[in-house]
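Chain naming follows the written order as A, B, C, D and E, and within any one chain the residues start at number 1.
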Amino acid sequence: MTLLFQLLVNGLIVGALYGVVAMSFVLIYKASRIVNFAQGEFLLIGAWTCWWLLTSWQLPFWIGFPITLAFMLVFGIVLQVVVLRPMIGEPIISVIMVTIGLSIFFQAMMKWMFGVFAKPFPTIFASPTVNILGLDVQTVYVMSLVISLLIMAGFGWFFKYSRMGLAMRATAFDQQVAQSLGISVRHMFAMSWAISAMVSAVAGVTVGVVNGVSSALSFFGIKVFPAVILGGLDSVAGAVLGGLIVGVLENLAHYLDSQWLNWGNMYEIAPFYVLIVILMIKPYGLFGTKDIERV
Amino acid sequence: MANISLIPCGDFKTRYAADTTIFPTRTSRNFAILGVALLLLCPAFMDRYWLNLCIQIGYLGIAALGLNILVGFTGQISIGHAAFFGFGAFSSAWLSNSFGIPVALAIPLAGVMTTAVGMLFGIPAARLKGLYLAIATLAAQYILQDFFSRADWFTGGTAGTIAEPFSLFGYAFDTDESFFYVVLVYVVVMYILATNLMRSRDGRALVAVRDHYLSAEIMGINLTKYRTMSFGISSFYAGIGGALYAHYLQFVSVEGFTILFSIQFLGMIIIGGLGSIMGSLMGTAFMVLLPEVMQAITTALSGTAIDAALNLREAIAFLREMAIGLVIILFLVFEPDGLAHRWKQIKAYWKLYPFSH
Amino acid sequence: MNAATATAAVTPASAPAPVPGTAKAPLLSVNNIEVVYNDVILVLRGLSLEVPEGEIVALLGANGAGKSTTLKAISGLLKTEDGEVTRGDISFAGERINGIDPDKIVRRGIFQVMEGRRIIGDMTCQENLRLGAFTRRDGGVKDDIEMVYHYFPRLKERTGLAGYLSGGEQQMLAIGRAMMARPKLILMDEPSMGLSPLMVKEVFSIIRQINKDLGVTILLVEQNARMALQAATRGYIMENGKVVLDGTAEELRNNEDVKEFYLGGGNEERKSFKNLKSFKRRKRWI
Amino acid sequence: MSGAPVASPRGYAHPADATRAASPSDTIFEARGVSLRFGGVQALTDVGFSIRKGELFSIIGPNGAGKTSMVNCISGRYRPTDGKVYFKGQDITGMTPNHRASLGIGRTFQNLALFGHMTVLDNIMVGRHHLLKNNFFTGSLYWLTGARKEELAHRREVEEIIDFLEIQHVRKATAGTLSYGLRKRVELARAIALKPDLILLDEPMAGMNLEEKEDMARYIVDLNEEFGMTVVMIEHDMGVVMDISHRVIVLEFGKKIAEGTPEEVLADPRVKRAYLGEDDEEDEAVAPPPKQEVA
Amino acid sequence: QKIPVGHLADQSGATSDVGVPFGQGVADALAYINKNGGVGGTTMDVETVDYGYQAPRAISQYKKWSSGSGKVAAIQGWGTADTEALTGFVGKDEIPYYSGSYSGHLTDPTGKGPHGSKPAPYNFFYGPSYSDGLRAMLMWAADDWKKKGGSGKPKYVHMGANHPYPNAPKEAGEQLAKELGFDVLPAVQFALTPGDYTAQCLTLKQAGANYAYLGNTAGSNISVLKACQTVGAQVQFMGNVWGMDENAAKAAGSAANGVIFPVRTAAIWGGDAPGMKIVKEISKVSDAAGTAYRPVHYVSGICSAFYMKEAMDWAKQNGGVTGPNIRKGMYQKKDWVPAGLEGVCVPSTWTETDHRGMDKVNLYRANVTGDTGGSVDELVKAGTIKLEKIATVDVPRKPEWLGW
């Protein structure tokens, strides 16, 4: 029983991390309806940047990390200005393809700049693990859990009540109308990309600290798709919840698998089965807004 | 995706039949026939490298067309196409290995089997839309991939399976030169079938579902049926493409059918032009040739003064990959509607010349 | 141009005359513009018009004449539809504004109410109204929301998503949203479309009020020519991408052709729609 | 209803008697106690009426009264929460929209709902969907299976409709780029292509100038009288409604408040108050129409 | 007249972390050979191509190499993706294909082995097959268990993704483990990418596994090692040939301490062997200063290239450097080491019916002490990372293990 319990705790903790990445998807989607296939590379860029600051400049984590976030903010804006701005008003699917191009580009660039070998993060926390409910958990996971909750609350408020948040939603709904209201579509996009890049960096650093940084981290970008969808594409809280659910599901599936079924690989596949079932019942995920179907 | 609604000058049709042909003019039709005839001669003057690229473009082009029917014509994004492609490959190998069905027959049968699987995974399409559906297809990708590595009886498990070479009347098409013809026939047939489909009732219905499904339903179109069917048709194409791939390589392994491959398929049709039949082939050619061109440039560069000056050596592999990403980005920035669109504009330009404005 | 049909009072449009009775420069003037869609489709061919400050100007014309295109050219939204002003210029308050991004044009004080309502469907009425005031930074937004609710009480009752409103309700919201922006110039594209007769009257009285009380200048595109010419001080009539007739509202109301083609019934009684069967005429000034 | 050309020149049978039928067996459509609610909004409350065969029937009412919702209940987009709808004596309440189309109900939409990327011709051909027999298999084989013959036969009929509505010049144009008025006309063409017995027109004249309204009115009257279609029309232009409709019902806040001939309805003080407005400044537009002369 | 030779490498793809050092070893060795007399006086025309671990690109490249006048005499290939896809083609075109993919079935040139799969007559590799590597580690583990005085049956578990490469030795390993008296637990799966594998480690811990085989490549193995360290699972990990090396040990830090893995060469960089002199020379091809540390894969790459070279030498004297002759050249000697690399390459034997080159497997243990910041050179020099040879295990060429 303790195994099951520990797995559940682990699921929640890892799920929170998925939630952070999922959130960074949702941010871009909410402002532009773009699915960013380069999200994984954002993660990677964040992780490498932080790693570089910490190893080459010997900065302490508490300085290096905020600098990383600031850098990612700028990076998001620059990326938007240079690459995505000309695509405003073009079919969304073409923009999605551009993000695929970006992913190829940055993947190679990171390998070029930082090499192909996995590199360890310097020790950051005095005690690398914390005991939560009987399970030893990497401290950095706890950090990401806390940050993700803060970010989530922040964005919940932002999209519901702030003027910019409303403008972002309007832009996503209809760019032309948004422009007619005096909203600068460019600014909105730049903002969403910047924030999203920043949020992914949080996840990137977390994963990097745990596993070491390597190009393969970018795989997280695709891994969280089920979480995003489960929560509902345009819901920030949903993203986090979706992440938690996927995290728990993985661990639960692994439990069933290892204890009884022995099919292997269940932890990877089971979330997808559950995803389909949930979507058949709730076609817009748990918190997604329904499309308005009127004639 | 705005279209130009001009009718070129000199386009006067007196019969409806003449107005529904595949090729708008006699010249264009003759050109197409000439083109195919020229292709028939390819093996005579192309080496295996080029033939191989043509063959790749061929079988991938068939599968890409299937995806275009699903994404471009019906508006349902799929990020699981590679899995269906793989299913076709395994099916065909399985049919010919386990039941001794001749490969020539196994390929279409594999297409049918894949159709069935595609429709199964298309069921969520009845309820899901847009990206929600896209992610459901992502689930199909993972579930099928998992199935491939598990189903020893069907796929040979993770070890993979051998596929017989294509043969007809005792003649084995096991060289690039001969297999080229097999692929060519399939490409021509499959592309004509798709063209026909799109100009008849069910094809129109698919497009209607894409453009405005609510009014399509009120026009008498059964949404569930067509959405699922679209998955079926698309999988059929994927299955045929996959089967050709299997009998070309004569070996099929799970490793080949990953999510990245699925994304590449999406790239082919977006770059080619969504909702364009010939665009699918153009996009495939683009995606297949791009790395080759970059490789050629890389090879040409290495050892030259530039290489020495910049000390590229190790960097060059990464620069090449970056260039591939960059070309895709730039292409889309300048031609977001895809190759087919540009092609159309070029044609329109010449037809309307000198009144192109 | 069939000038014979036009009464002497009407100035031929080929050479836009300065607006009579106003010495100062008009708030908006559009000078001989040409608009091309997709690099090939020529829609406006040398259109000119002027909107003096503080007035309501009506722009009338058949379907496809290019009215909406004209408004989009002014508000800059043309850009988002692959359209381009290839010749001529547009100036607002003395400054040239063609080529400027639509959101910057809004900041300068031109607000367009687009054809077909175009409200943000997945937001509530209130959120839509708040967005209308996006460019404003003063604190009066709350009061103005109340003002809009005062004009359109129905909107206050509807608390769900705006996408579920009826067609007419959405139209009210779209107009309300324009009021929230407090612009100098509102471009209205068929504000009365889809409204019930009672509501049409109300909308026109609101337009007058906006004009009078808030001092907003209005360029009004309308199919309901009768109402439009009643509210407006001046009018332009366009065909095929050109202005073919212009004058004060009074002059246009009394013009025989306008009467026949836009107001219904020239000299005789109004014809019944029923009796039009298989009877066909083709007008045209061109 | 085979693909072969039909004998009558336009392909539509003339009804034996185009005048209004009197006997109740001639009822083509009936709504009984239809109610519809959306969460807190009661869009329709206990609405009942019947439409006779060959009738030109109008639904009027203030904005948000539930007119479109009513039409949606007829065409199957919405399913009434209460009450039943009958078509040709058959209970169709639970039937899918596409099924209803094949029974002979066609419609146009208040907000344009054309297939924007298809040509006008293809748009109209889609209307013939339920009349065509070829499927994806026979269609793909085109020449070998008679699909071509069938397509051409129907193409001929579609051209008749195009001639009738005078949209020859935009036949090959992409529907999405047409101006508003033309799009409305194409939509009408598409609905006619269905060969419906009952055609529902939701504000067919919105956004049209006088001349175009006249054209539209002419088509509608033709449809009704020459082609024998029963027409249900929602329209805000009282002039048109009064002139061409045989019978009118008035909805307000989802309830039926009046029913009868145009003259009767117009005289009803409730209608005046709720819909037309009391003042008479604009009365000209709704003046009693001149005597009708049937061509 | 040069001898055209193809060299496929993964420098930028999914397996580049090991592909780069291995490919570098091959490339440097070939360049060195060319500089020092080539193949009996004839130089090789080597084209090194990075195919990014994408099979279609490998195939196109292969077609380029296998057609026309420039048909290559042999190819130095790389991983599972390209090797599996090309096996049929190279057989037909008679082009020897030396790869870094060590799947057991590639050792069966006739396809007539007891586990008969498709014949792979032109596939060669230098090193123990994945299965043999695992067998060696299992044999060592059985000893180790006894030595440590473990009571009862030791528990063995196979770990890895459900993919061709990690799965290749799975059955062979489990079979032998049973024979050796292990209690074989159900295999545990984890993806080929880094991620959170705490769940896997928790179950390992709960099931009380003693020996676990890590079948994946380094990236994901590191995640497992770290997760297991965090939850405190006491398992003796045994890495795949490609699953552990100096770089992985650095990345995993103290979590990698104690991991056992097979090393293909008789000596590693810095080791003491007569052949090391040449290895150092070769290394200078791409590192003129001669200061770089070369990981195990680099040295293996050198051996792979040199075996090919010697076979070419033979071919040159016996009818010309053609594919079939090179293949024959591989069969000429028994337990042979390429000239000059004595003590570096492990004596190997290939025969017409058996391509299991190596029957002695060297097992090493990764010793990691302290913080692993800094470069591999420094870490090795400082002794923070130390690869320690713990055993040489004889894996007999049993006929029933052929091609398995």
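The rule we apply is simple: contacts are C-beta pairs under 8 Å (C-beta built on N, C-alpha and C of every residue); 3 or more make two chains touch, one makes a residue touch a chain.
Note that the coordinates shown come from a computational prediction; the quantities given were computed from them, not determined experimentally.
Asker: Between chain A and chain D, which partner chains are common?
Answerer: Chains in contact with chain A as well as chain D: B, C.
Asker: If you average the Cα atoms of each chain, whose average lands nearest the overall Cα average?
Answerer: When every chain is reduced to its C-alpha mean, the one closest to the whole-protein mean is B.
Asker: Please indicate which chain is farthest from chain A, where distance is taken between mean Cα coordinates of the chains.
Answerer: So the farthest one, by centre of C-alpha atoms, is D.
Asker: Taking each chain's centre as the mean of its C-alpha atoms, give the chain farthest from chain C.
Answerer: Max centre-to-centre separation from chain C belongs to E.
Asker: Pick the pair with more C-beta contacts: A-B or A-C?
Answerer: The comparison resolves to A-B.
Asker: Roughly how many whole angstrom separate the Cα centroids of chain B and chain D?
Answerer: Chain centres of chain B and chain D, defined by C-alpha means, are spaced 42 Å apart.
Asker: Mind checking the centre-to-centre distance between chain C and chain D? Centres are C-alpha means, answer in whole Å.
Answerer: About 29 Å, centre to centre.
Asker: Whole-Å distance, chain B centre to chain E centre, using C-alpha means?
Answerer: For chain B versus chain E, the centre distance works out to 37 Å.
Asker: Quick one: which residues in chain E touch 2 or more of the other chains?
Answerer: Residues 11-12, 20, 162 of chain E each touch two or more of the other chains.
Asker: Counting only residues that touch at least 2 other chains, which ones in chain A make the list?
Answerer: Those would be 108, 111, 265, 268, 294-295.
Asker: At which residue positions does chain C touch at least two other chains?
Answerer: Counting only residues that touch two or more other chains, chain C contributes 37, 41, 81, 164.
Asker: Can you list the residues on chain A that touch chain D in the complex?
Answerer: Of all residues in chain A, those touching chain D are 294-295.
Asker: State the interface residues of chain E toward chain A in the complex, per the touch definition above.
Answerer: 11-12, 14, 16-17, 19-20, 161-162, 186-189, 191, 193-196, 198-200, 202-203, 206-207, 218-220, 222-223, 226, 230-232, 247-248, 250-253, 371-373
Asker: Touching residues of chain B toward chain E in the complex: what are they?
Answerer: 47-49, 51-53, 56, 146, 149-150, 157-160, 162, 174, 176, 249-251, 253-256, 288, 291-292, 295, 299, 314, 317-318, 320-321
Asker: So in the complex, the part of chain E that touches chain B is made up of which residues?
Answerer: Against chain B, chain E makes touches at 11-12, 20, 47, 49-50, 52, 54-57, 59-61, 63-64, 66-68, 80-81, 84-85, 87-88, 92, 105, 117-118, 162-165, 167-168.
Asker: Which stretch or stretches of chain C touch chain D in the complex?
Answerer: 37, 41, 60-64, 68, 115-116, 154, 158-160, 164-169, 171-172, 190, 193-201, 223, 225-227, 261-264, 269-279, 283
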